[in-house]
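Quick one: this structure, given as structure tokens, is what I'll be asking you about.
We just call them A, B, C, D and E in the order they show up, numbering each chain from 1.
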Amino acid sequence: MKALLLRDLRLALRAGGGFGLALAFFLIVIVLVPFAIGPDPELLRAVAPGVLWLGALLACLLSLDRLLALDFEDGTLELLATAPLPLEGALTIKALAHWLTTGLPLVIVSSVLGVMLGLPSAGYLWVVVSLGLGTPALSVIGTFGAALTVGVKRGGLLMSLLVLPLYVPTLIFGAEAARRGALGLDATTPLLMLAGITCGVVACMPFASAAVLRMGLR
Amino acid sequence: MKALLLRDLRLALRAGGGFGLALAFFLIVIVLVPFAIGPDPELLRAVAPGVLWLGALLACLLSLDRLLALDFEDGTLELLATAPLPLEGALTIKALAHWLTTGLPLVIVSSVLGVMLGLPSAGYLWVVVSLGLGTPALSVIGTFGAALTVGVKRGGLLMSLLVLPLYVPTLIFGAEAARRGALGLDATTPLLMLAGITCGVVACMPFASAAVLRMGLR
Amino acid sequence: MDVQITDLSLARGGVPVLAGVTMSLPAGQAVILRGPNGAGKTTLLRAIAGLQPALSGRITGAEDRIAYAAHADGVKSMLTVRENLTFWADVFGAGGIDAAIEAYALAPLADRLAATLSAGQKRRLGLARLLVTGRPVWVLDEPTVSLDTGAVAMFADAVRAHLAQGGSALIATHIDLGLEAEVFDLTPFKATATTQAGATDEAFL
Amino acid sequence: MDVQITDLSLARGGVPVLAGVTMSLPAGQAVILRGPNGAGKTTLLRAIAGLQPALSGRITGAEDRIAYAAHADGVKSMLTVRENLTFWADVFGAGGIDAAIEAYALAPLADRLAATLSAGQKRRLGLARLLVTGRPVWVLDEPTVSLDTGAVAMFADAVRAHLAQGGSALIATHIDLGLEAEVFDLTPFKATATTQAGATDEAFL
Amino acid sequence: MPSGRYIDPMSIWSYANPVKFLTLSARVQPVLWAAALLSIGIGLAWGFFGTPDDARQGSTVKIIYLHVPAALMAINAWFMMLVASLIWLIRRHHVSALAAKAAAPVGVVMTLIALVTGAIWGQPMWGTWWAWDPRLTSFLILFLFYLGYIALWEAVEDPDTAADLTSVLCLVGSVFAVLSRYAVQFWNQGLHQGTSVPVATGGRTVADVFFYPLVLCMVGFALLFVALVFTRTSTEIRLRRAAALRARAVREV
């Protein structure tokens, strides 16, 4: 298990800076938003928490793309499936590695990027907390999507299609918490719901992912 | 040339409905936006043209990912590079195929999706026209990005990173034209600029892409 | 403990490929699997490795004892040779990698990224992986592809040493490995149009 | 027209691999390229195919006359065998695919998706591609990988027919193909640590 | 069907044999289609011409005869797919998997009908084609689940693997669809949209004049759904059979 985690982290660091790329994508989406919707500061402030969440979600999604695909292409996945490691564990580890290399950095920089969109300062804490609670769920759900589309040519886009609706509840509660926090309203209910989703998903999803992966490898 | 175009279209249709997937992604981004920024119709209307442009851009980007990667992995690209076809022509054809399977459908549905964001009815025409003029540039620039990152592991995210800044001028003029159109203002200047960018890019970019691809294959 | 295959029928893409395969792979012995292209060698090996279900028949003695090497190497190109081996050694929990590096003369390459290896060097790395799994039953699909004669000899030596320790090996190959091993030909077990072995799409006929 | 290689030095990953290779590939003849794993066979073939630049030396007579077959097949798994061949025939503008299908006995597989072929069947498709290019110089990197003996014989026949028409072939391989051809061994041309052939990082030494 | 398992010919599972299912479906299809068309025809005619205009909504109220039955069937179709997927996962009956596959496009069309008629209705009622009302929004998400499900069926080569994967997706998707529904309700309450009220009027509050033809339409849509699923499942079975025969023919030469 530890070996797998270390290997995945090392690969993420080495394979052309996978570490920074999700982050960079996030940054760029945030930068593009003012170009797309215009420079009005009022408008930007109003959409800031939502845009941060959406950007983080898309960055996660894009980096998920090859979470399993690379391992599938070079045959590692088949070998892992015949290894003494339980596949459920292996996939949990892979989701963890994905979160450490993608979700965590996103959480850390999101407050800085909030400045660019004029997020009110009361909002930073809530954006960071909600992203911190929510991104693990994004990684775990994404692993399920990746396992579903392993071996499918051009699986990347199909995976997005399958995963995005599964992201909806997380996004709703996460963005709601961030938004309420930014407006100075009470945000505990959505945060609790978000935490509940994350716990449930982390506990149950790896079994579905492993089952689906075994079918896909057949 | 025709053979290449037909092959690419056929592969797009066959490989798990590559045709519909960019579309589906676009749809999903548009659907997620209200979840992220909240259901206030005023706010949604204000950001609608920008969000449509951003969504189209991201859908393009995501589907670019494997424009050349798949051909590289199975060795087709090396063989194409040694074929009597000029590589510039081959890449133009690939960009055209990409636009036909991605950009064109996006243009067609964008007006329908505008409804969901409460786009004022005067705005539809402008969104469609600006996307129609702009998406070819997105495909051609994207081909350049794909050529740059051919052979790079986890090239997908790196490509996004390289391509997004190149998309900025197209996005600015395109979204500006759509926004002005939606507000009932005069949109000819940004539209002309947009058309200029597209023409210039289509005329010059394939040379850069081919040069870069030759280096990448080395 | 022997791997025993009894009356096995297998399908690929919903169509029966092999029917009634019966064979055994005794401990301490190697079996060479032969058959023309498309005979079903890969299909059989995948089934033994537990990667695909059988239509009918039984495979016993294979569970958690197989080290499988497919057409693809499972080598991460962005890791060095040593890192690749260490990873698999950790996953299988079977100790050091020095023996493996020595057996395939990988020492001069040990700190190179796998991406910079030539086809044959990469294959050697893929084969060295078998030695760090500690698994007794090797199931190998055309292991000597791209290997030069020297490397084929290294491979044969490695197999012999493995057999001497009581392991066994099932090797699908088209070339002569210089191993003294029983040959098992798959040709007679080709499924015919009338094979009714519970193929997945049989219900539709 | 012969392909002539004069005093060629090549690098891979910035390190000189081959130095001073001089050889010629006369029309109507085949040359077998030998050398242990990592000798630089793939590197040389890629240079001849125009996919990588030389450090020094010259290659003449190769331009637009090469049909190259690499370790990877260039086969699209979502197209059928026939569609794959037709595509390459169209790209090279060299007429029909029937001869190619016949030469490698692909007729029974012609309407199957390439994804459903076995390793050897896919390789046969990859080799059939050479016949639809109409190019006179074949440059082949381990063409017989995964092929059974029957298919190797088909390949040898195809090469002989190609030579009889005045074509030529340069084939890197580790096994015996049963072709009457000159053998060119790359081992003596291995670049040494002192090779100063204009390697890209030489300026930094 | 895995060989060797004895199946009581009288048991319902015996129809899990594709050939037997085909004969059954050939027999019941005419009846189903006739009943479905009849009840929809009568229901719609009664609804459109036999009921008075609503005092508040005018004649636009009559769109309810398409909107509500389609909406109900859209949800029920997913539920049916869920059950069929479970049967496939547990008992591995091919007909069950193919029935789920066949139901998906019907479901997606029902969803579309509900969304489109709702939009057409919303224009006179709320003055907008679309509002981010919780009910509408969760229907949109359902639409996405349908799309993903169908796309996955299309993308996977091997039919049995496709059946397995889509079944799990259907299970997981159901959980998330329910979750989304609550999430969406939570999300939009905080912002108080006046427009979300009309959808909340359940069928029962409709006056009897409107109610009986509506029930007839609902029954008709349900029958139509069943008939369509039967027909499409038969088609899928024949396609599978053709594919199996072709695969063998190609393999034999």
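Here is the rule we go by: a contact is a pair of C-beta atoms (placed from the backbone, for glycine too) under 8 Å apart; a residue touches a chain by one contact, two chains touch by 3 or more.
Just so you know, these numbers come straight off a predicted model, no measurement behind them.
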item	value
Chain separated most widely from subunit E, comparing mean CA positions	D
Of B-E and A-E, whichever chain pair has more C-beta contact pairs	A-E
Subunit A and subunit B: spacing of chain centres that average the CA atoms, whole Å	24
Centroid distance [mean C-alpha coordinates] between subunit D and subunit B, Å	37
Separation of mean Cα positions, subunit D and subunit A [Å, integer]	44
Contacts with 2+ other chains: residues of subunit E	141, 144, 147-148, 151, 155-158, 187
Shared-contact residues (touching 2 or more other chains) in subunit A	15, 73, 152-153, 155, 158, 161, 164-165, 168, 172, 176, 218
Touching two or more other chains - residue numbers and ranges from subunit C	13, 71, 77-78
Complex contact set, residues of subunit B against subunit E	15-17, 20-21, 24, 27-28, 31, 34-35, 38-41, 44, 115-116, 118
Subunit C residues within the subunit E interface of the complex	13-15, 56, 193, 196-198, 200-205
In the complex with subunit C, residue positions of subunit A that touch it	2-4, 7, 10-11, 14-15, 73-76, 78-85, 217-218
Complex contacts: residues of subunit C adjacent to subunit D	12-13, 35-38, 42, 71, 116-121, 123-124, 142, 145-151, 174-175
Touching residues on subunit E, where the partner in the complex is subunit A	141, 144-145, 147-148, 151-152, 155-156, 158, 161, 164-165, 168-169, 171-173, 176, 179-180, 182-184, 186-187, 190
